[in-house]
Each structure stands twice: as C-alpha cells, then as structure tokens.
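Chain nomenclature is as follows: A, B and C, assigned in order of appearance, with residue numbering initiated at 1 for each chain independently.
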Amino acid sequence: MTATVRFPQPYTGGAAAQEAMRQTLLPALLERFPEGVEELPTPFDIAQLKVMPDKLRDVCVFLKEHGFNVLMDVAGVDYLPRTPRFEVVYHLVALPSLWRLRLRVPVDESHPEVPTVSDLWPSANPAEREVWDLFGIRFAGHPNLTRILLPDDWVGHPLRKDYPLRGEREKAMGPAAERNWYHAPKRPGDAPGSTGLPRSVSEGGD
Amino acid sequence: MSRIVRSGQYELNVEELKVGGEGDRMTLSVGPHHPSTHGVLRMILEIEGERIVKATPEIGFLHTGIEKHAEHLTWTQAITVLDRMDYLAPLSNNLGYVLAVEKLLGIEPPPRAKTVRILLTELQRIASHCIWLGTTALDIGSQSVLMYAFNIREQILDLFEEATGARMNPSYFRVGGLANDLPNGFEDMVRRFLDEFPERLREIRTILDKNPIWLDRLRGVGVLKPDQALALGVTGPNLRASGVPYDVRKAYPYAGYDEYEFDVPVGESGDCYDRYLVRVHEMMESHRICRQALERLEPGPVMVDDRKIALPPKEELRHSMEALIHHFKLVSYGFDVPAGEAYQAIESPRGEIGFYVVSNGKNKPWRVRVRGPAFFNVFAMPVMMEGALLADMVAVIASVDPVFGEVDR
Amino acid sequence: MTHDAANSQFLTTTIDKFIRWAQQSSLWPLTFGLACCAIEMMNLPAPRYDIAQFGGEVFRSSPRQADLLIVSGRLSNKMVPVIEQVYRQMPYPKWVIAMGACASSGGIFDNYAIVQGVDEVIPVDIYVPGCPPTPDAVLDAVLKLRQAIQEGRAPGGVMRA
C-alpha cells in the first residue's frame, strides 16, 4: 500500500524563460501601466520594475492574472539617508513558465504605508508581518499586522539603519571610542545586561 | 492564579480554559519547549476533543538579528553569521550568499572550486536529510532509526572536518572559491563513504518503508494540495511531494549543476509519507551527484586569481611587497563590491533559499535579505493540520522539516 | 545529625558521598536544544559519543523529570521567560551546562536580539566554549561536572547543613 515517487521531467530552462518574459510580458505590462511603473536596469537575469505604492495592487492583480502564482518573498530595505527612505521588494515567480520578476516599491519615511497583497498570495501574510516588525512599514489591509519575530512589547524597528546594533544596551554603553572591551569582561555578580558597560575606576576597571 | 498570556491577536486567560465535553473548544499552547525535537516553535491549537480545528504558529523564539548583524561585518565576515541560520545545512547558506556576491562582482570561481562546492553541498544535503530522518523517526516513535541516521551523519561530519576544519558551521565557501584546498586522501574517504551509503540507507528503509506504524502515522496525514502549496510559497521537498516538479537546481541552474545528471523525485498526494519518500529518494540522487563530482575533480586552483578579492598565497608574502599590501587590505578592510542588487536562489534541503544582497559599493553589505524556505513552510503547517488529530501535529511538524534558525533569523 | 559523636558524622558523610555518587552517575539531561548546538547535543546520545555510558540514559522532555539542563544554542529575548519557567520547573538538585559560545556569553551575536550569556537568567555550573563545541567537548564538561558533584563542589542548588 505504499505509494511511489515519480521522476517526471522537472521545470527547466529558467534563463530562456526570462528572455521570453522580457519580450512578451514586460512590454505588455509597461503599456498597461504607463506611469507609476518603470523598468530598472538589471545586468543580471531577474528583471526588476519600480512600482509606485498606489499602483502596486493593480500591477499585482495584472501579474497574477498573467501567471505569477508564487510570491517568493517580501523584503524591506532601508536606504537611509536617501529619500524615499525605504523600499519594499517583492520577488514573484510564475510556475511552470519559470518567469521571475522583482518589484521594488519605494516608500517614503513620512508615510510608510503600502497596500497589502496577502489576499492575492497567502505567502505574503507572514512576510509582510516581518517587514512591519523589522522596518515599521505598514501594510494597509493586512488581517493581522503584529510583531512576528520580536517579542510583542518590543519598542523600535531593529533593521532600520538608525537602530543601533546592540539595541538598548548600546545607549548605555556610551560612545564607541570610549568603550571598554578588553578590560571589563563579565564577572560573577554583574547585573544582567551589563556586558560592555564601562566600569568605574573604583571597581578596579580602567 | 490567573494570568493573561498575550501573543499577537491571542489573549489566553489561563483560568478561563474550558476543558472537556463534545463540541467544546479548548485552546492549547504547545511549545516553545516541547518534546518534538524540531526546535522552538509555539503552536497555538484550538482543539475539539482530539481534532485540531485551527492552528496558529508563533515564531521568533530564536530571532538572532542575523540580517542586521551582517550589515556590520565585511563581506567575508558575514559568511560566518549567515552560516548559522539554517544550521542543519550551513554549506547551503554559504553557497547561496557567496554566489549572490559573486554575481555582483561578476566573477566565476575556478572549475575545481565549483566541483568541490557541489560535492560538499550534496553531502550536506544527505547529512541534513539524515537528521531529518532520525528526528522524524524519533518523533513518530522509532529510536533505532535515530541512531542509524546519526551514524551516517557522523561519517559525513568526519569528511567535513577533514576538508574544512569544522563539523558544523564551517564557513568554507568564500567569495571567489574556497577557503582552502582539500586535504590529501580526501577523495578516497569520500569514495569509501559513498560506497557504504546505499547499504546504510537501505537498512533504514527496510525498517520504515512498509512499516505499518510508519504508514499509519504518515499516510494521509497533513495533505497539502499543489495549488495551496504554491499560494503559500512552499518550496523544496514539501512542494515536490505535492506533485509540483520544481527544483531550483534544474529550473535555474547555478554553480554548475546543469552539467550533472540527476533526477528530481516528485510525490503524488502531498501527505507526510510522500514527503518522506521524496527526501529519501533525494538522498540517493545526491549520492549520484557526489559520484559524478568525484569523477570530475581535477587538480587546480581553488580561488579566483583576483588579488583584490582573494588572499595571496602565503609563499608570495615572503618576497612580494604587493602581496603583503593586498593581504593587509583584504584582512583589515575587505574588498569593495560594486553597488547593485542581486538575488540568488539555491535549492537547500528545505526548499528555495534566496539571498537578496544589496550593495552600496563598500566593503560591508548594505542589506542581506534571506528568503528562508522554512519560514514559509512553517506558515503552511496550519493548512496541513486542519482536521487532523493532536498526535498528527507532531508528524506534520516533523515532515515539514523546519529549522528555526532560518525561520527566525 | 545534631549529635557531635564521631559515629553519626561518619554515617552522614558516607551517606552524603553515596548520595553524590548516585546523583553524578545518573544525570538525566533535559531536551533543551535551541539552535546549532542542539544538533551537536543530539549527537550525544547517538552511538559514537553515547552519553548513556556516562549516566545520561534518557533525555527527558519534561523538566520535572530531568536534572541536567544543557542550554544548547543562542538565547533570544523572546525565549527568556520560557527558559526561566523551565528552570524553575526542574526539581532540585539541578545542574546547568551552558553549551557553546552563545549560551556562555552571547557568542558571535553581540546584538539587540541575543541575551549575552544564559547566566544572566539562570545560574550555570559549567561553560563549554565552541561554536558549536564538538560532542566530545560537551562530554568532557559532563565528566567534569560529575567529578565536581562527587567532590561536593557542585551542590546543584541544594543547601546542605
């Protein structure tokens, strides 16, 4: 009563499919959305488009109708000090035609909001939560936009460039030039969370 | 003592849990520390009797800030933190990141480096599937398979220790090639392992394949239909068990995989048993690729020749001033990578792991985004668990093969 | 035990030595794998390193039935209340091995997300360096812990009169 596995012909030919996509789909897409969508130069094989946030839903509906059935990833990037500061990057894949497309949505710091696509592709649900958690970019219409990786009561969005690497600890550690790494290792009896804090001279530190 | 436990949209008042009776719903929080050996996952289940009505995974118990940390390290140092994400298959993470950076730099590693990369990545795939097999069997109840599978893995870890110096988290693949060449006698060691491996796998399959307990617990459990899987972003053996023949090694060949002959096993019904069969067959296919890689292995350099990226050989440091300067600069500052973005997808034992690397032209990555397959696989688990029994939850989690280093990063 | 006679002291110290011998010969670890070190810890009951020969026969999943907590992996902020609760659930005497660099001191992850050493949360008896430490390093730690228990240097949280 055991099943068997088959060894069918797997999907092949990604590079050729990319070329085909550039000839067929991209011109159609750019024609359908003359403003708000522009193609970015890409020396590598994935075509990328810059899509304005207000056009994102329409573009995604269009792409889904034309075969992009998998949303591989939703990522956030912080380009501080450039304006617009953030970018939300979507990677879409069409199976079995093997098309790949990258959408880059610039998001301004003053209005960090982007419409959600989690109703089109359920895989966006956790990925958008992660972008909210780590960057603070809201996704309008998301059913459950709460923190996913960090504890619920965390303050701040760590992957932003102005968030210090060590978080709250870093503020107590003082300026980088005055940190006391080599002469103040942890000792038994130290208060929790005090790694790297400067020791006072009276305690025997430097 | 009443306590309110808040998590996302859930608020559980511990005193208010209702228990018992037909049709009464109980909310059960399983984890993050639980008997299933698959890592720190918290499953909030709503059950009626033994049937799971709704499952919500809660993750983040292993969040390490790896992506943030990689922005503060040079391109080569970032390899060490990125290794520790998918810790069952660190060389896969290595390979993906290194290929993405090489894409940005526009360099190709020498042929020997490519062959060794494929050889070690496929051995890593076998090792990862061995852990999966052992821990899944342990969760389902068979402790002896755990011992057999971990024994196979010990042999592979010995090979890694010979080649890279570390059993786990070797950080062996570098931008432009490998950290160092293989030791003498390595090929014989690999050949000996590859000769023994099919027999060892056959031993395990004899215990499990037609075992009534195994079949009862895995057949028909955790069914995932292909369209559901695609919509949820599931990739890897989980997707292939549902019937979709998508393997990144065949679809978008990288690192030289298009020169190797191997097949892609695809299941039919998308249940846990098919996922088991797909992984077992994948181990045999990896074995095939390793044999071909061994045959292709030829002496040669293992690092690209560009002195701006690769360290000069130690002998040159004795008489060449330029080599010394290059060495100093590479070790203290690193190398600059041209500005741009690159996305490299790799077939890791869990699925398509994607590295979206953004560079601003300096010596540290501006952003490394890792598309972890286990992240999306975990959120497909509720679909698989609906209507299943409580004991099937363990089987589903085990068969999906999540690694929480990758889910939480 | 209140008598000062030589006889009763002989009896209690011998019983103490016997109790300590019993404790050190049957340290049952708790399955508390967090990250990469957990994989190396899983190699401990595996045939090559076999912690069962040193007393760790079963890895118990319930903290109430285990006496050795091997914290293997990095402790993130969200996990702190969990490890506290697990540690409090273990009955005395209990020992803790901080396995790996991340459990000992935060390891390579000196950032916002990782607690810099599990000893900020629970008391630790032995620290094992490595990233991850090979299973023989952990085995060495277990053997050293056993010796410490036998000699009375690691009371496991129990106050003795």
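Assume contacts are C-beta pairs under 8 Å (C-beta built on N, C-alpha and C of every residue); 3 or more make two chains touch, one makes a residue touch a chain.
All of these numbers come straight from a predicted model, not from anything done at the bench.
*Asks:* Average the CA atoms of each chain to get its centre, and name the chain whose centre is farthest from that of chain A.
*Replies:* Chain centre farthest from chain A's centre: C.
*Asks:* What chain lies closest to the overall centre, CA atoms only?
*Replies:* Located nearest the centre of all protein C-alpha atoms is chain B.
*Asks:* Please tell me whether B-C or A-B has the greater number of C-beta pairs in contact.
*Replies:* Higher C-beta contact count between the two pairs: A-B.
*Asks:* So what's the Cα centroid distance for chain A and chain C, whole Å?
*Replies:* Each chain's C-alpha centroid was found; their separation is 39 Å.
*Asks:* Could you give the separation in Å between the centres of chain B and chain C, each centre being the mean of its C-alpha atoms?
*Replies:* The computed centroid separation for chain B versus chain C comes out at 29 Å.
*Asks:* So what's the Cα centroid distance for chain A and chain B, whole Å?
*Replies:* The mean C-alpha positions of chain A and chain B differ by 20 Å.
*Asks:* Multi-chain contacts only, two chains or more: what residues does chain C have there?
*Replies:* Residues 77-78, 111-113.
*Asks:* Among the residues of chain B, which are close enough to touch at least two other chains?
*Replies:* 60, 63, 65, 68-69, 408
*Asks:* Can you list every residue of chain A that touches 2 or more other chains, as numbers and ranges?
*Replies:* 150-151, 158, 163, 165
*Asks:* Can you list the chain C residues touching chain B in their complex?
*Replies:* 31-36, 38-40, 42-43, 46-48, 61-63, 73-74, 76-79, 82, 86, 108-109, 111-114, 131-132, 134
*Asks:* In the complex of these two chains, what residues of chain C are touching chain A?
*Replies:* Those residues of chain C that touch chain A are 77-78, 105-106, 110-113, 116-117, 120-121.
*Asks:* Give every residue of chain A touching chain C within the complex, in rising order.
*Replies:* Chain A residues touching chain C: 150-151, 154, 158, 163-169, 186, 192-193, 195-196.
*Asks:* Would you mind writing out the residues of chain A in touch with chain B in their complex?
*Replies:* Residues 1-15, 43-46, 48, 69-73, 75-78, 89, 91, 95-96, 98, 100, 102, 121-123, 125-127, 130, 134, 144, 146-152, 158-159, 163, 165 of chain A touch chain B in their complex.
*Asks:* Once bound in the complex, which stretches of chain B touch chain C?
*Replies:* Those residues of chain B that touch chain C are 32-35, 37, 39-40, 60-66, 68-69, 80-81, 84, 87-88, 90, 131, 134-135, 146-147, 150-151, 153-154, 167-169, 404-405, 408.
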